[in-house]
Every structure is written in structure tokens, then in C-alpha cells.
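Before anything else, here is the set of structures, which you'll find just below.
You will see subunit A twice below: alongside subunit B first, and alongside subunit C after that.
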Partner chain A sequence: MQGGTLSRWTMSYFAAACLMFVLGQGMMLAGYGHPAAAASAPETLVLVHVIAIGWLSLLMAGALLQFVPVLVARSLVGGQLAAPALVLLLVGLLCLVAGFVALSGALDLPLGLLPFGAALLVLGFGLIAAVLTVTLIAARPLPLPASFVAVGLVSLLGTILLGAVFSFALSGLTGDTWPLRLVTGGVPLHAMLGLGGWLSLTAVGVSYRLLAMFLLAPEVERPTSRAVWWAGTLAIGLVAGCVPLVVFAFPGTEMLVSVAMAFTLVAVLLYGGDVVKLYRTRKRKQPELNIHASFAAFAALTFSVLFFNLPELRAGEAAPALVYLFVFGWLSGLGLAQLYKIIAFLTWLETYGPILGRVPVPRVQDLVDERQARLWFWLYYGSVAAAGLALLTGVGLFFRACVFLQLVATLGVMREFVRARRLSSVPAALRVPPGVIRPNLFLPVFTLWR
Partner chain B sequence: MDEEKEALKATIRDALRMIVDPEIGGSLVDLGLIYDIAVEEGGIARITMTTTTRGCPASSFLTEAVEHCVSAVAGIEHAHVRLTYEPPWTPQMMVET
Partner chain C sequence: MSNVSNRIAPRVLDVRPILQSGGEPFQAIMDAVQGLGPGQGLRLLATFRPQPLFQVMANRGFDHEAREVEGGDWDVLFTPRKETIAVATSPDADRSEIWPDPSSYLDLTDLDPPEPMVRILAAADRLEPGEVLFALLSREPLFLFPELTKRGYRWAGNFDATGEAYRILVRAGSTKG
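Here is the complex of A and B:
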């Protein structure tokens, strides 16, 4: 394939992800889960999985379905599986969450929902991983950004398989001791594989390509970028290596995690240097808002990983605040910032691509209003930082006030997404030229693609 | 005859200035994305072009737009568009951002 194509269901993944993000923050605002409940309480598990699977993983899956073909310059193999995978993931998440609610005792639901939900999630993520893996295999040797995605997919499989074991153990379907040992000692490994390997390494890999693309910077595979891949992969390998130690109750987990954290810090610092180099070598004089809004996410990544390297902070009361900064500052901040660009870009392609060269059309940038969105991003990152501080100080009401502002900012950014989809910012004279089919808000237009 | 072809090539180049890269905003010509324009007997135009990124989701729309635009030039009966990434486009090929 020389050119790329539009991923038909990516916008539906994004819409579902945004809904889940709002739902998750709504739960925190209502005082559901941590810090009102313990970090390991079922209520917190509901919240964590709505954010990690519902928001971040659906966002990542939708983005990869669109951008892996760009990374490897090949068509997606089996792209028609995207829709069934989305259904499996949403139903699986619903069942998993219902299982956690049952575990909390709030509702009288069967605990069997936990492994049932996990099985659907394994199937859904399995389909996504299969589609992306086959596409990557066909494109070997892989360019560096795609190699990050490959490690991310392996981490995803490790994460969901660990999660599936947890679900069997928590539902009481297995009486073996090793799954229970995993539940007791393996939850941080599950989180590190998911948030670090699957979500972060993949985001870093894709960002190398997208940043170069959006900044018009030379796409060079720097030795430092390869070192980021090696350090990140070694870190994930060490975390994965802890799993058998936990299963067989061997010591050494803490030491391996410490080394993995040190590798992660090296990767993050080198990555930060690469981002600065990309920015400095850019040809685009005025970077757009998605770039500037991503800088705060990079800062959150550096800050949280730096402090995770201190064992007393990692295992102490500061841990929830650091995890919060990592999830909402780094992963969610980057997600919102890049969505802001990607939604406008894909909407432009869907709407104006077919009539390009026939009549005057707007630019991608004409679909967005950066003045409005900039304020929302300021409010978002400010409230994330304040919420992190609130978690450190342990003031529950202050935390919820910060989450309220964070949710307002999120809704503000999402309003900009909807405005882009509705072409609201496009000058009236250019908005709907003859031959244009207005895009649906989040479902594909069925006559456009075959 | 050669003068006619040169004039046609210039007309095609001018016509292609109306196609704007959606991401950067400049015309495909000014961005250096049109590598070559050749005109053959019988009004056949052959355009060699690239996109800013290999695998760019906009590439099929851009090649179709170029084909449509060139076909509409007076004196051109048929336009062939070839998408290439040899050499890959670099920002240095732009006239101006």
C-alpha cells in the first residue's frame, strides 16, 4: 500500500472512550472509589477499569486501527473485525464492572460476571491484537515507531491474561493457591504492564511519528529513540519476569521492579530529549494546540516516573497521587490533546477528501477553534495537578472540587470535538460545498466506504 | 511541438496550485509534493507526486484530486498519477511553510 485509508470504526471507538472518561470522572466526583474507598476496594476497581479499559484502551485501540497502517505504510489486515471487537470490549467491560459491583456487595449480582466479562475482554482485545499483529508481521522489518506498538501489544496480552486470572480467583471459581497469590502480589504488575507497557510504550511509539508529521520535522530514527525502545522493553520484560516469582512465591520482585523503574526513567528522559529535538528541528513555524497541550502530558510523565523511582514514595501514601498524575496528566492529557487534532483531521478526510481538487475546501485547522480549546486544556491540567496535591494531602472535599473542574474542562474539550465533527467552526461559505456528505457524529457513513 | 508541451506543463502546474494540502495549508506545488509533470502525444499527462507522510490517510484523496484537476486542463485527454516515496518528501522541499 502506498497511501492510507480511513479506519471506519475509529470514531466510534473514540466516542465510546469519551463517554467512559466522563463516566469515570463522574464517579470520582460522586465520591465513588478511591480516595473515599480503599485503593484495593471493589469500588476502586470499578473506577480504575472504566478509566483504563473504557477510556484509555478504547482510545488507544481506535487510534491504532487508524495509525498502524500509517506507521507501516500497509493496509490494515482484517479491519472488518473492528466493530465486533468494540462490541465485545464494551459488553465485557460492562460485565466486569457489574462483577466488581457484586464483589462490593452493593447489588446482588452473580460473581460469575467477573470471569465472563474478562473472557469477553480477552476476546475483544484478542481480536484487536490479532488485526494489528498480522498487519505488523506483514510489514517486517518494522520501523521504530511500529516496534514500540509491537511491544505494547505483547504487554496488552500479558495484562489481559493476568486480569483474567484475577477474575477467576476473585469470583471463587478456582481454589488453587497460585491465582490467589497472584491476586495478592500481582496487581501492581498488572497495572504496570497495562499503563506502562500497553498504553505508554504504544503512545510513545505513535507519538514519534505523529509529532514529526504534525511538526514537519525530519523523521529520523535517532540512536536515542532506539535506546528508549530498548530501555522500555527491558523494563516491561523485568515486570513480566516478576509474574513467575509471584506465582511460585519466590523473593526478588521488589528488586526487579526497582530496576524496571530505573530503566523506565532512562527511557523517559531520553524520550523527553527526543521530543525537544523534534520540536527544535520542526519546519512548522507555529505548532498547533495539540503539540503545546501535549507538553504538559510529557511533564506529568517525567514527574511521575521520577518520583516512582523512590521506593518510599512508590509504596507509600504518595502512590495514589503519582498514579493519578500518570493516568490523568500523562495518558489522559496526551489522549485529549491528540484527539483534538486527530478528530479534526479524520473529519476533514471524511468530509472534504472526496471533493478535494474539485471545489475550494477548508484546511484541517479551519475545523477547530484553538482559543476556546486552549482555555479548556489549561483548566484540565491545572485541575489534574491540584487533584494530585489533594490526594497527597488527603483532603477528600478538595479532591472532589478539583475533579469537578477537571470534568468541566474535559467536557469543554469534548465540546470542541463535537464542534469539529459538526463543522461548526468552518466558514459558512466553505462548510458544505456541493457533493459533501456531512459526517455522522460517531458512526460511519455507510455509503462512503465500501 | 515542444513549446506546446512546455506551455501545457506550465498550465498544469498552475492548475495544481488550487489543490491545498489539508494539513499544512500550502498548495501541493509550493510544498514540493509534485515531483514531475510530463506531457505526451495525444494529450496524455503523467504526474509523479508524493505526500508528506508515507501511508498518509489523505494520499488517495490527494492523488484523485490531482488526476481530476489535470484532466480538466484544456488540451489534456487523460491524466496518469503515480504516487512515489522515492525520494521521500522532506520539509526542505517546501518553498515556504
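Here is the complex of A and C:
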């Protein structure tokens, strides 16, 4: 039982993810993709995949490599596959994006890059999923947070397999009609499986454990939390059930999606109740910034899912604004807020772990400057909300101005990540006691006698 | 995973002096229960059969065995139910039941993580070879385990029956870790 060993490559995943997040927002600022282009245009697909795979999925994969062992109190099986998986994912994403650029006609690149990139992504995500699945299987019966991760991993596989089929159809490698039907009718299912099943259910599961840890709240498995799992899993099951309907051109997907949305809303409301209960039963008097910054993300989740339940909004012009709020308010906001704490904690453990108890070391809080970061989080959520409004009202220039502020706030938060890694906020006298090796910014420290 | 229930000598608590002086021993008993090692029982000596306590202890996962002794006093042995307590141990911590009694006790339940980890590592550093320390925490110290193992300590720990406190025994290796 060796739960809490440091995952060597998690910081590299985080660094790559942050880079992609900046890149994606830079594209929006430059007017690349939606709303300047159509929601289904190749330019928008470039943008969406840089954010969904580059930023959110790499972030989630890095976090799971570190925290699944904590969820199940067991060491990771096959952790050495983390580095090759990261390379596969990055190269795969690059090829996929190049394929979309080819599709847009901006550059004369072979369309075969699409399925090639998709194949690398299937391999990369497959490795991650295999490592995590084997670890989970060894730990059965699973605690509830880990059960969320299990459903998330199944959703991940569904998402990437659907994506792989799309890539074959879009590159013209297959002339069958069913892949073309999937491209026409299955894109929302691909997005719901990815953003809802893989990213959101997993984030919810991990948050149950992390919030209890950070708030020092008792870890009890509430019936409401189990209901969240059931409702979320049913919703994902219904969405997955739509795939064969689309393939065989049967009717009924709209109804199944509506029911799935209703289950999602139930899950979100129950989850919100659980978060409030965790907060109320906390022993930590002064919750740290990562908790307060996560609350805005929970609000964005509730708001976007609530309005997605109205069919006229889901299919209408408000949809992009709701998706924006879901991706940048909920998933990205939660990601930034939790990274803020996780990076400081992991850096503290990596740097001072070997000498803990032998010489005085700084506290985890000494690695961060909450006063500074709080302003950045305010700016971040404020500009996300404003950008969502801009999408709703359709003012392109206003949208880009909001994205500019959002990018500035993101860079501000990321500067805090770098400062934590560099131990910049730590009083100089405590910073590097004898016996301490300074951590690298995002690569593991290699030692000859490891 | 191993289970060490019933194999560690029970802690003995004599509340007869408190009762004879007219005091209320409940808090002393609960403190003693909190301080029990993983799988450890409690032997209670009282001036009467402590009937109300049996339910309290049953809720915390203890069975009892009460017998009257000379002079009308009662000797009650509370033993933790085996199935309620799974003990986690370091890979080389077999036979933790024959470890010596702890030479130091730390109550770290009021400290915010990761401070308990820092305190335990500091206290472990002061152990003589073969000595054992006992610590009580409010959470399972998942990040402490690998650090203890890396430094050559052996450990065994679990939650108490209420799931509110985590008990851990740490033993220094025969050559100091």
C-alpha cells in the first residue's frame, strides 16, 4: 500500500496542457475558429481539439496518473508508460490539427494526417486508459470516487473511437455510408461523451476526494453521491445508446439526449448539494483559494446544464455560449483552480519530502501568493462570463476583447504556477535547505542512481 | 493486508479510583479508546458492570467480555471486531503484533495536513533502532507511507472503527533508517 508516490511525468502533462490552453485562447483572440467561422468549420475543429485534447485531456490524464493511486490507496501499475503516452498524444494532436488545417484548405497538407493523428491519439489515450484501468482493477471493490473515474475512462474510449471513425470519413479513406452518417449526426454525441463523460464525470469523482482532503471534511460515501454516479452513468449510457441509432439511421436520438440531459441535471444538482455539505462539514477554518475559485466553476456547471435542458436553447443560437461556459467556466475554471493547489503541493512534496522532519522546511502555503492569484481568478471568471454574453449577443469584437482579458488572467494564474515551481514565494532562508534538489520546471529530476 | 486483532496486548485502564472519588470516567475511557493501536483491545476495571458503555463500544466496533472479580469489581475486555478493521502495512512489516510497546505517542488529530506527516517523520528520526512510535491522525496519511518506506521504517496503520481517527505504528529498522 504505497498510495502517495509522486507521479514523475505529471508536471510535464500539466506544462503541455497549459501551453495548449494559451495556444487555444490565442487562436480565439486572433479570430480563428468560431464565432468568426461556422461551428462545424475545420478552423473551429482545430480550436476545439487544441482545447479539449491539448488542454483539458492532458490536464486530466496528468492529474489521474497522480491521483488515481490516492483514490484507491495503491500504487500505479505501469507508470513508466506515462512518458511515451504523452509523446503519442502530443504528436497525435499535432497531426490531427494539421489534418483539420488541410481540410480548411489553408495549407496543402495530406488529408491522411487526420486518421494518422487519430490513430496516435487512440494509442496514447489507450496507454493512459490501460495503466489506469489495470490499477483500478487491482483495487476492487472501488471506492466511489474511483467508480466515477472508471466510467470516465469508458467514455474516453468511446469518444476517441468515434473520433477515429470521423477522421477516416473526413479524409475520404472510407466510402461506406455509416461513417458518413456518424459524421453528420454523431458530432454532438462525440462532444457529450468527451466533455461530459470523460472530463466532467472524472472531475466530479476526483473532486469528491480532493475537496474532502483540502477542506479536511469527513470522507463519507453519501447516498446522494452514489445517486450522482448513477444519474451521470445513465446519462452517458443514453448518449452512447444514440450511436447505434445514428449508425443505422434509426429515429429517437433527440428523445434519448433529452432524457440524458435531465439525468445530467439531476446529477449536477445532487453534486452541488454534496459540495455544499462537504464545505459545511469542513474542519479547515479558512478554505484556501483553490476552493473558492472552484465554486465559480460549480456555478458555471449548474448554469450551463440547466439551460442545456431547454431544447430550444440547446439547438438554438445560445448553444455556443452555453458550451463556452461549460468548457471555460466549469472544466477550465476547475482545472486552473485545482492546479493552483496541486502544483504547490506536489512541488512541496518533491522538494522537501526527502528532508521532512530533519530540518525546518517551509509550509505548502509558503509556495503560493493567494492575494495575487485571487485577482487573476476574479478576472478569469469575469471575462469568461462576459465572453459567453458576447457569444450570445453576437458581437465579434466584444468577444475578442473578453478573450483577451481571459488570456491575460490565464497567464497571470500560470505565472503563479511557475513561481510555485521555482519556489519564488518561499522566504530565501528556507528555500533550499541542505540536501534539497531544486525541482525542474516541468521535467522530472534525473539521478544516476535512481 | 493482515489483521492483527487480538494479538496485541490490550491496554489496561483502571477507572475505579475515578469512580471511588465520585468522578465521571467516560472521557478517560474515550481517550483511552482513541489511543488504542490498530487491532488493540481495552481492558477496563470498574466498580460496577458498565452496561451503558457496552452499546457505545459496540457502535465503535468492539465486542465485550465482562466478568465479576473479587470484591464486587468488574473486569471488562473490549476487543475490536476482526472484520471491521483492515490494517495496512509496509511491505516488510510482518508480525507487527510482536513489535515492542510504543516508546512515544503523538496525537496529531488537530493538525492540518501535511503537518502530521512532518511531525511523524521528525519523531521517527529520533527513534532508537527497533523502537516504535504511535500516532493518531484525522486522515489516512497516504503521502507519508512511501516516505517512511524510503527511509527504512516499517509501519502498520488503520482507521478506528468509527472511521474518524487513523492510527499508525512506525518502527525504526534494526539499523537506524
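Note that in this section the second predicted complex is superposed on the first by the 445 of 450 C-alpha atoms of A that agree within 3 Å, B and C clash if a C-alpha of one lies under 4 Å from a C-alpha of the other, contacts with A are read in each partner's own complex, and residues count from 1 in each chain.
Please note the rule applied: a contact is a pair of C-beta atoms (placed from the backbone, for glycine too) under 8 Å apart; a residue touches a chain by one contact, two chains touch by 3 or more.
Predicted, not measured: the structure shown is a model, and the values here were computed from it.
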When subunit B and subunit C are modelled together on subunit A, clash or fit: clash
Chain touching more of subunit A, residue-wise (subunit B, subunit C): B
Touched partner set for A:Gln66, first subunit B, second subunit C, both or neither: first
Touching partner for A:Met213 - first (subunit B), second (subunit C), both, neither: both
Which of subunit B and subunit C A:Gly396 touches, first, second, both or neither: neither
First, second, both or neither for A:Thr5, with subunit B first and subunit C second: both
Which of subunit B and subunit C A:Arg284 touches, first, second, both or neither: both
Partner chain(s) touched by A:Arg74 [first = subunit B, second = subunit C, both, neither]: first
Partner chain(s) touched by A:Pro311 [first = subunit B, second = subunit C, both, neither]: neither
Common ground on subunit A, meaning residues reached by subunit C in one complex and by subunit B in the other: 1-5, 70, 73, 213, 216, 218, 283-284, 345, 348-349, 353-354, 356-358, 361, 364
Residue ranges of subunit A in contact with subunit B within the complex: 1-6, 66, 69-74, 209, 213-214, 216-219, 283-285, 345-346, 348-349, 352-354, 356-358, 360-361, 363-365
Sites on subunit B touched by subunit A in the complex: 18-20, 22-25, 51-66, 68-69, 83-85, 90-92, 94, 97
Residues of subunit C that touch subunit A when the two form their complex: 1, 88-89, 112-114, 117-125, 138-140, 142-147, 149-150, 163-164
Of subunit A, residues touching subunit C in the complex: 1-5, 70, 73, 213, 216, 218, 220, 283-284, 345, 348-349, 353-354, 356-358, 361, 364
